[in-house]
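Same chain, two partners: chain A is paired with chain B first, then with chain C.
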Partner chain A sequence: MKLRSFIGFVSPSVALMLALLALPLAMTVWLSTRNCALELELVTVQQTGPFGAHAVTTQRARVDAAGKAVQRCTSVGAAYYRDVLGLQPAGASGASGASGTPTAAANDDNEFFAALRFTLLYIAGTTPFVLVGGLALALAMNRVTQRLKGLFIAASLLPFIITPVVGALAIKWLFRDNGLVPHLLGHFGIQVFWMAQAWSAQLLVVLYGIWHVLPFAFIVFYAGLQGVPQDALEAATLDGASAWQKLRYVTLPHLAPLVVFVTLIHLMDAYRVFEPVVVLTQGAFTTSVQYLTYHVLLQEDNPYKASAAAVLTIAGIAVLLIPLLRKTWREQR
Partner chain B sequence: MKNKLVGATLLYTGLALWLLLATLPVVWTVVISLRSYGDAFAAPLKWLAPLTLDNYRGLWIEREFYRNAANTAVVTLATVTISLSVGCLAGYALARYRGSLGFWLLITALVFRALPHSTLLPSFYAMFDALGIRNTTFTLVFVLVAINQPFTIWMLRSFFAGTPQELDEAAMVDGCTRLQAFRRVIIPVMWPGVVTTGLFSFLLAYNDFMLSSALTNAESDALLMQGVAGAVSITIPLIVLVAIFQKQLVSGLTQGAVKG
Partner chain C sequence: MTARLQPQRRRLLLATAATAATAASTAWPVRASALACPEVAGTGAINLIGNSFQAIQHIARIAEGCSRPGLKVVFKLTPQARTETEQAFASAGPSPFDAAVVSMGVFSNLYSRRQLQSLTALVDKYRDRYRIEEKMLVRMDGEVMAIACIQNTQNLVYRADLFDKHRLAVPATYAELLHAAAVIKARESSVAFAVAQGFAKGFDSATEFTNLLAGLGGRTFRPGSALPAFNGREGVEAIGLMRQLLPYMTPNALASNADDVVNQFQQGKAAMGVLWASRASRMDDPAASRVVGRMQFAAAPAARPGGPPAAHLWWDGVVLPRNAPRQREATFHVLMEALSEAAVRSGNDLAIWVRSVYVPGRFGTGVALAQRAGAPVWPGEPFFSLAHGEVGKVLPEALTGERSPQAALDAAAAAYTRAATEKGYIGGRA
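So, the complex of A and B:
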């Protein structure tokens, strides 16, 4: 295909990605160094009360000819980065105004690092179980009689295709006080208020993550198993290899590229864990990095600080993925 | 012989346990959605309770959930259609073009695939507020399409790479332009791949909570029991989908893995 027609064919897709992915990304970087605030002016108004009239000096937002409030935007450099990272020195100048001054956050436990810590914990807590569980399920499913396979596979996929918010809600209702799981655990004398403390809420998010992603690993490994060379397995059997040896020396090496693939995809998806954090903890005990940006933007209503958090989030995923992307790059070349 | 029996018992017990874990949250949600609040979260737990459709009636009729449902249908349908039209063109070109530009485009798409969506939100707010188009279906559809493009073009490229190049060459020898060859010859044999990719575009659009909730000011959560009924209502189309398209779903999930 000629370069000219190539460009013609890809241009709608590229235009969309430029306008709605690349441009906003660049803009986020720019916004993270800015701050806008309403411009205020002093006015003297005549107040008439039951005890006579008197003049009062007060502030109000300056409005332009069109009746819109005037915003004053300034460059604040890295002030919001320092704020998000908790490095804000006292009395920093620059940003000011009504819509959220970057104040010296006196938090000992900085919000960004807390979010990053949980995000990494979530990745570390889900990945091994997803890989091992997915593999075990694939090996088991491979031995199920043909008649039951379709039904079993369909049922196994349910946690993966369900809307994440709904899946997290279903888990929440299961673990709620007076819910099914606390009731069953009660028979063994175990009483946990799952959503009332940090460790159990975090455990629930991790459990949700495993439940949600394991079917994906399973189905990829299951497809891989169909391609394991049968003659190699037969030769190994003739040579007296045990079932474990066949798994270890024939099947697993064949699946190795798929393990890398599943890990790569899961890493990307786990890094942006969001829905279970919203649903299961409402950000009370856990925040993920993606939740942090969302929270700063919508609850604190500060798009500039949210942008700084977003840029730091991207820096984090870049650090995680660069080794893996390098590998993909070399292979594609 | 005995060993085999033990093995089979172990196998099916383990699988049954997994299937229970996989489906229990959904099954239990369905059960409590058919109960009154008092029965759903009674202490001690009730295994059996009178069934009622009140939650569903409250949700679909009183709270007019059909409006949300219709809106969701419009958004997902439009997203899938536009994603596929734009994505097929790009995926086809990426499968046929041999220059390095295609390679770079794919790498860039992979980087965008890794991008957490929340990082785009501050700019989306700034952009769409300035243009006055934030709370519109139109905006949401195009954002979802763009977000899904990286994944869509990767997947479609690998499907197109599987169709023989001789097909379009033959068509072009017969006097088709490149675009005609694509439309009249390649797309008709590509249907399975298009359906599979469409399925995944559907799931991505249907399931994306953050963008939908942030870009449209949906009202806050319904009353709890209506929320449970809503959860079930949202899940039913997905279950129907898996039942119908299981083969495509499995082939789609493994496509990228097997072909790289």
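So, the complex of A and C:
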């Protein structure tokens, strides 16, 4: 292919990737090194309303000649990265309202690493079950009669089709007080309060993750199974191979690239786990790196620090994917 | 071929009929609303936003009823209204929303950032037309910056039948509430939990803490500054009180938000608790509640004897952004129709309305009593939500004993100080 034709074919994709991936990423990195804050002044305002009149001492933005709030932006370098990683000097900490003495408790259990810990636990807890469960379901479906396949496949895909927030809400309602699961377990004298302890809350989030993603692995493996060479399987049968041996030496090698693919996609998805954390437990006992970014962005209302948390999240995904990407790179070469 | 096409034709006919029926059903409210909102004029769209609860849903229905040929009023109801409103009003370009219904906490933030436009001229012009009452007007140094429509507070919700059965007095203090809870737990097997309150990580538990802190005489900030004071003695006591409540609550309490608490009451699983007054009417919803008519409402208990109710008074009201895109007057007319006396009358029991035509019912008892007993107004400092957020983050650790209350509050104070410094509320890095 001529270079000109090659560029013609490739440039739309490259332009789109630059616009939708590279540019936002560069913007995020740039934002993470800055901070903008309104110039504020302390004012006492006479407020009247439904509860009467009272003076309110508050801070209000200074305005310019046009009446627009004045904002000051500065470069903060890597300060937000240090902040998110808990490397900030203790001098930034608050002071006890009781004694007025500085406290040192600020960074004793860094949020980022706590979030990273649970995120990695979630990945480790879901990935094997997603792979093994998805493969088992695909193998089972492969044996189902043709007439029932459509129905079973549709039913199996439901958890994956449902929007994550809706799925997490459904699971929450099943497991919360008065939910179906505690109600049924109660009939057998078993009482489990799923959101009461760290282990059960974390287990519930992991179970949700498996339930939600397993259909994806299943459908990919099922598609892969349709392409397993029948002559190789027949030859193995003639050679006296058992069902396990056929699976081990014919089917699984054929599916190996798909295993890498599913693992790659799931690792990226699992690292961004968010919906079950925010819906099921509202972050109690569970947190994730994505949840942390959400908290910084919405609770602290700080898009600059949230950008630093987002960049660190991306760096985490990149580190996690290095072995798989290296393997894929070698195979492609 | 003909036989194969016939079902397709049938489907096409059905689809056409369905479309015509839908068009007819949507056309009617438009015609009806043309009579209902005579002052509303203009073309295009008026976009409004507000939180998704019963009273705002009522307001939204009336506002959307003002749509007419060429002008569509769209009211976005979302639990994320606060975030979306703050982002829209902060936008450098025109706001995607022409107006918003906000709580007073959000109002403080928007006012502090100078993102609201004054409504004084509009109010003066149409005051008589819409019978706008002075108590509805939120004035800041005389300028009308919001129009309040509903009031809210956390009130005590209790099972009157169980209190009568065990001859318990309505608790006026948290000590009395704990006593009543102990009696219910020991003697009443029909309820699983004596107490139900929103202790979920984040907003719910931080609001409980704020109520108790104020009730105990504590302060969130040092006077006249944004420096934290919530990690003082009263803060530690507030957490201590919250911990005393835990044995009477579901073990899932740290993940129970207001919706979960309502569910516990509706299912007859809880006997008492402090909950939003705006949720009171849901106790009598026959479609969802097993305790219709059995719940009563009172002022939230005081945190200490002789103190005010450990709750805060809130209002919700309408505001217009400084960067309002267009149709200022038309938007105002739509809002005033949605907050009219007729609107209040038709939704009387859905909220505790500010307008005088509101007839207080049993669902508004708690608010009226709290107001009379001197419950404070929700903190209006723009940096309050930062402190609130940081406290809500550490409370589960303090409540489970993973951290001592003092250590948890100190960590929250440190995190808050950093966040407030970054935002420029405390002089520093920016």
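Note that the second predicted complex is superposed on the first by the 262 of 333 C-alpha atoms of A that agree within 3 Å, B and C clash if a C-alpha of one lies under 4 Å from a C-alpha of the other, contacts with A are read in each partner's own complex, and residues count from 1 in each chain.
The criterion applied here is as follows: a contact is a pair of C-beta atoms (placed from the backbone, for glycine too) under 8 Å apart; a residue touches a chain by one contact, two chains touch by 3 or more.
As the structure is a computational prediction, the values presented were derived from the model and not from experiment.
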item: Comparison of chain B and chain C by chain A residues contacted; value: B
item: Touching partner for A:37 - first (chain B), second (chain C), both, neither; value: second
item: Chain B versus chain C as contact partner of A:178, first or second or both or neither; value: both
item: Chain B versus chain C as contact partner of A:212, first or second or both or neither; value: neither
item: Which superposed partner A:266 touches (first chain B, second chain C, both, neither); value: neither
item: Contacts of A:298 with chain B and chain C, given as first, second, both or neither; value: both
item: Partner chain in contact with A:331 - chain B first, chain C second, else both or neither; value: first
item: Touched partner set for A:313, first chain B, second chain C, both or neither; value: first
item: First (chain B), second (chain C), both or neither touched by A:82; value: neither
item: Residues of chain A that lie at the interface with chain B and also at the interface with chain C; value: 176-178, 298, 304
item: Sites on chain A touched by chain C in the complex; value: 35-40, 42, 45-51, 54, 56-61, 63, 67-69, 72, 74, 76, 79, 83, 88, 92-98, 103, 105-106, 108, 176-178, 193-197, 201, 280-285, 295, 298-302, 304-305
item: Residues on chain C engaged by chain A in the complex (per definition of touch); value: 83, 86, 104, 108, 111-115, 135-142, 146, 148, 151, 192, 200-202, 218-219, 222, 224, 226-233, 235-236, 250-257, 260, 263-264, 267, 269, 313, 315, 354, 371, 377, 380-383, 385-386, 389-390, 393, 396, 406-407, 409-419, 421-425, 429-430
item: Contact footprint of chain B on chain A as seen in their complex; value: 1, 3, 5-6, 8-10, 12-14, 16-17, 19-25, 27-28, 31, 137, 140-141, 143-144, 150, 152-159, 161-167, 169-171, 173-174, 176-180, 183, 211, 215-216, 219-220, 223-224, 227, 257-258, 261-262, 268, 271-272, 274-275, 289-291, 293-294, 297-298, 303-304, 306-307, 310-311, 313-314, 317, 321, 325, 328-329, 331-333
item: Interfacial residue positions of chain B with respect to chain A in the complex; value: 11-12, 14-15, 18-19, 21-26, 28-29, 32, 41-45, 86-87, 89-90, 92-94, 96-99, 101-103, 105-127, 142-143, 145-147, 149-150, 153, 178, 182, 203, 206-207, 209-210, 214, 227-228, 231, 234-235, 238-239, 241-243, 246, 249-250, 253-254, 256-258, 260
